[in-house]
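In the two complexes that follow, chain A is the common piece, with chain B as its partner first and chain C second.
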Partner chain A sequence: MLIFTLRRINLLLITVLLLTLVSFSLNFLFPGDPLVNMSGRINPTPDQLLILSDQYQHNANYFIQYWTYLQHIFKGELGVSMASHLPISSEIINLLPATIELSMTALIIAMCLGIPIGFIAAISHKKITDNIILTIAMLGYSIPVFWLALLAILVFSIQLNWLPSAGQISLLYEIKHVTGIQFIDIMLSESEYKWQAFQNASSHILLPACVVALAPGALFIRLARTAMMDVLETSYIRAAKAKGLSFLQIIYRHAIRNALINVIRHVGLQFANLITLAMVTEVIFNWPGIGRWLIESIYQRDYTAIQAGLLVLSSFIFIVHILTDFIYAALNPLARDTKHGA
Partner chain B sequence: MARNRIYQEEEFPSPLVQLWHNFRQNKVVMFGFGSFVFLFLLAIFSPILTPYSSIQNNLDHLLVPPAWDVNGDVSFLLGTDNLGRDMLSRLMHGASLTFGLSFVVVIISMLLGVIIGSLSALTTGIKSVFLNHFLDVILSIPSLLLAIVIVAILGTGLGNTLWAIVLVLIPQFIHITKNAVKEEFSKDYVLASRLDGAGSFRILSYSIFPNIIEKIIRQATLAQSAAILDIAALGFLGLGAPIPLPEWGAMLSNGLDLFYIAPWTVYLPGLAILFSVVATNLVGEGMRHALKQSKES
Partner chain C sequence: MNLLDIRNLSIELQTTNNSILAVDHVSLSMKEGEVRGLVGESGSGKSLLAQAIIGVLDERWHVHADRFHWRGKDLLRLSPEERKSIISQDVAMIFQEPMSCLDPTTTIGEQLAEAVDTEQLSGYFWQRNQQRKNAAIKLLHKVGIKHHDLCIKSYPHQLTEALCQRVMIAMALAKRPMLLIADEPTAAMETTNQGQIFRLLASLNQLKNMSILLISHDLENVTHWTNNITVMYSGQFVEAGTTKQIFTEPYHPYTRALLNSSPKANIELPVKSRLMTLPGSIPILQHLPIGCRLGPRCPRAQQACVKAPKVSNFHGHQVSCHFSLKDTY
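Now for the complex of A and B:
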């Protein structure tokens, strides 16, 4: 396990290093002066420019420039936003939790619904249930997410008036920004309307989270179905059958556990997809997350924000990726010992 | 059709023909394939087939609902939008933009990806390790985010989005080609032709490509459904095709303000995107199924 951990941490470090290399070179690829792109200070006076070029070692060779850039990043200085002139690190700290909240809720919804349905489909393989589930799953991951979001708003917010269509929580509730994750903030707050605020926040998150969850959920159905079908064909299931266990006993005691492990392995890979969907959904549902901020910074040509956002979001995805690898390895001893040279 | 067997010769169909035989078995998949061909033809011939041009304004027919509605007009079968442009014509023109261009995008990135992938399969050592890590990094960035970053570098516009999506799709093709080529290289028949004195490139083109082409085609269908969704999403976000172009995503965002008055301007382009993605996915699914069958047989 130690070697496995070291390998993963090594992979993480190399990846983050490469990502910084990518975002560093973006500064030179974006239109405009690399120094301005890096620091985010637009229209600098010659004096400011001199200070900046000193700060970022702009006159030295690329290697030293990259090294100073790295130092800036590890100090948490990502420059200031060209549009709002606020430090980007503080903006990201404000916005990232909302995205984490949305994507995690969506991930939980997708897993809780997708995996059991996939198992049901696998158990009733080649029957009508299986076909219906597969058809729905196919539609689920083919729907364009922005269209689905609009339809969901039209049906559930406007025609049925069940759920709110925009924002994270009603403005009536004053929740202090502590962690940024709304539910934890509500729990921490001293307000007497805590329960109402909690209900309000959950009704706000339900619609966008379901919209984000649909496509990954549909993919989980397929993954779970394949995993379960593979497990049901193994010899230990046949042995359990020969032992005289009933079908339900086999499913509950043997098949689900082993199939679940294989599904968990793919959760990390699905996460990048889920974040993409969350970015578009945030725009439509006016969710104050990092995806909406990034897309707005493109409209405003805020290059500093784009490269910093790319760096943070991709590292976040990769960390989740590595974490699921760890969970998978912790659950499945086979992966720890035989999987070398990853 | 029954064929008379005159000679006692056994026929061994090539992997692609074999794939087609298995592919044909499933009716749903054939429906998807039919729709795919239909969209493909529509994408090519839409300028000839459409009743109106995609930018022709009919100012006395603004926001006409589809023909089955009470207020509908049969000369505008699917209604008109806020500038009196015929929805049916725009959707048909959109087929060549969203669907047709996604096809072109996939072909370009497939060619580049396969070339790079097969070259990288031949390299070993530090170069290959670096490439592996680099691919992992690129693949860990969400495709839309990567496309958005590339659009930020190149500037917005349809042409730039297409290049962005080409660049986004290439790593997937590299990955799949590389793994497939490496897998084939370890097989005995490659060793046999190597013993015959064939060079690496000869082995690649004569022995390996015919055997991995179906995997690449399968990846291409996956890539195409992703490309359609990405083109439409970028169009919707206003980063891709500009509003007057009948690109489905841009049409959708154009109808957004009139969503409640004229819902058909939003749900029709959405349905068109859904239809084309489902058709592509059905083809891919059928391909996967046929691949599995031909492996088992």
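Now for the complex of A and C:
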């Protein structure tokens, strides 16, 4: 297990290093002066340019430049935004938690609904339940997310007036920014309207999270269904039947765990997809997350923000990927220890 | 009284276009305390027959029988649930490839403990977990695994094939079955381990009076351990009798060919001469010959063989052939 952990951490470090290499080279590939792209200070005076080139070691070779760039990143200096002239690191700290909150809620909704429904479909294979579930999954997977989001706003916010259509929380509630994740901040605040704020925040997150969760959820249904059907065909399930266990016992004790292993592997891969969906949804629902900020930066040609935002988002996706690897290892004893001769 | 009495059991595979008769009217009977070998080439339907007895075939397979008695009880009259509860109570099975028959994500201890049935336990539910654990340890001792602590904590992939097979046998013993069906228990095992497993089965038969149905493709290997042998070919019944009868006076041309094809059984064979074998190979399920399925390969086949022969009984030595070798002895 220790070796497994070390290997994963190693993988994380190397990938982050490669990501920084990409974002570093982006500075040179974007139009304009690399120094301006890196620091974000537009139209610098010759004096400022001199200071900047000293800061980023611009006259040294590429390797030293990269090394200085890395030092800046690890110090948390990602430059300033070309559009707003605010330090990017502080913007990211403000915005990233909202995205984490939205994507994690969506992921939990997708997993908690998708995987059990997939299992039910596999158990009632070739029956009408299976066909209905498959049809719905197919439909859910093929609906474009922006259209679904607009439709959801139209139906649930405007016509039925059940859920709010935009924002993270109503402006009435004043929640201090501590961790950035709304629900934790509400819990930490000492307002007497804590529970009302909590309710309000949940009703705000419900619609966008469901919209983001639909496509991955539909995919999880299909993955869980195939995984479960594969497991039910194996000889250890037949042996368990011969042991005299009832069908439910077999499902609970042997089938679910083995099927989950195969699904969890794909969750990490699907997370990148989910973040992309979340970025589009953030724009439509006016969610104050990093995705919306990044898309706005792209519109404004804010190169400094683009490269920093890409770096942070991809690192986040990769960290989640590693986390699912750990969950996979916890479920699967075969992945935990090093195999000899294999 | 017979422990198990099966008459004319057929297993059909239902495909989208047609149905294939994979096992064609096979009869099998077992007495208490008997060790019977079920022998045939791979693809002759031995494992299917065993899985049909234990009732773990999926819905693609249709099983019919004229008679299916378990200790005098007619199982065909019972509902599937009742049949399953009786069978899982008294019959246990060990499969080939033990490694793949153990759940890879559950420890051996847990898998053993869940095989122990509730009737053997006493006391309140909070005591039962401990009792199950103790029962599991005792079972491991019974099959000759001394390091139970280590074994209980292990996952299947951490054990050797032979150890896994012992664990499977221990699991089968948990219900204290009257009949143990061993489906090629020593496939893919070295000779020393094979010997250990067979000795274990033999001792269980002698000490616990447990009947064993030993399924194998290797006639020679099982003769050492069995009282009676049933031979199958391509899903059809060929011959049944005591081990001695089958070995010294086989009535069916197929059994004779099977014996002749093994170098140990005919020691008088001159050096460097060819072993006697039947021409051709076992037919595939989609293209089964009509009548006696051995027909196209049989050295004694005649026109009558296009109709399936009836089983004839000579003092307990049953053979299914129009032109049996009985008169040649």
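As a convention for this text, the second predicted complex is superposed on the first by the 337 of 342 C-alpha atoms of A that agree within 3 Å, B and C clash if a C-alpha of one lies under 4 Å from a C-alpha of the other, contacts with A are read in each partner's own complex, and residues count from 1 in each chain.
Throughout what follows, contacts are C-beta pairs under 8 Å (C-beta built on N, C-alpha and C of every residue); 3 or more make two chains touch, one makes a residue touch a chain.
Computed from a prediction, not measured in an experiment: that's the story for all the values here.
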item: Superposition on chain A - do chain B and chain C clash or fit; value: fit
item: Touched partner set for A:243, first chain B, second chain C, both or neither; value: second
item: Touched partner set for A:294, first chain B, second chain C, both or neither; value: first
item: Residue contacts on chain A - larger count, chain B or chain C; value: B
item: Contacts of A:49 with chain B and chain C, given as first, second, both or neither; value: neither
item: Which superposed partner A:158 touches (first chain B, second chain C, both, neither); value: first
item: First (chain B), second (chain C), both or neither touched by A:332; value: second
item: First, second, both or neither for A:234, with chain B first and chain C second; value: second
item: Superposition-derived minimum Cα distance between chain C and chain B (Å); value: 12
item: Chain B-touching residues of chain A, taken from the complex the two chains share; value: 11, 14-15, 18-19, 22, 26, 29-31, 138-139, 141-147, 150-151, 154, 158, 272-273, 275-276, 279-280, 283, 294-295, 298-299, 301, 303, 306-307, 310, 313-314, 317-318, 321
item: Complex contact set, residues of chain C against chain A; value: 51, 54, 56, 84-85, 88-89, 92-93, 95, 97, 100-106, 110, 114-115, 117, 155, 157, 168, 171, 174-175
item: Interface residues, chain A side, partner chain C - complex; value: 234-236, 238-245, 249, 253-254, 257-258, 261, 331-334
item: Residue numbers on chain B that touch chain A, as the complex places them; value: 133-134, 136-137, 139-145, 148-149, 151-153, 155-156, 225, 229, 232-233, 236-239, 249, 252, 256, 259-260, 263, 266-267, 269-270, 273-274, 277-278, 281-282, 285
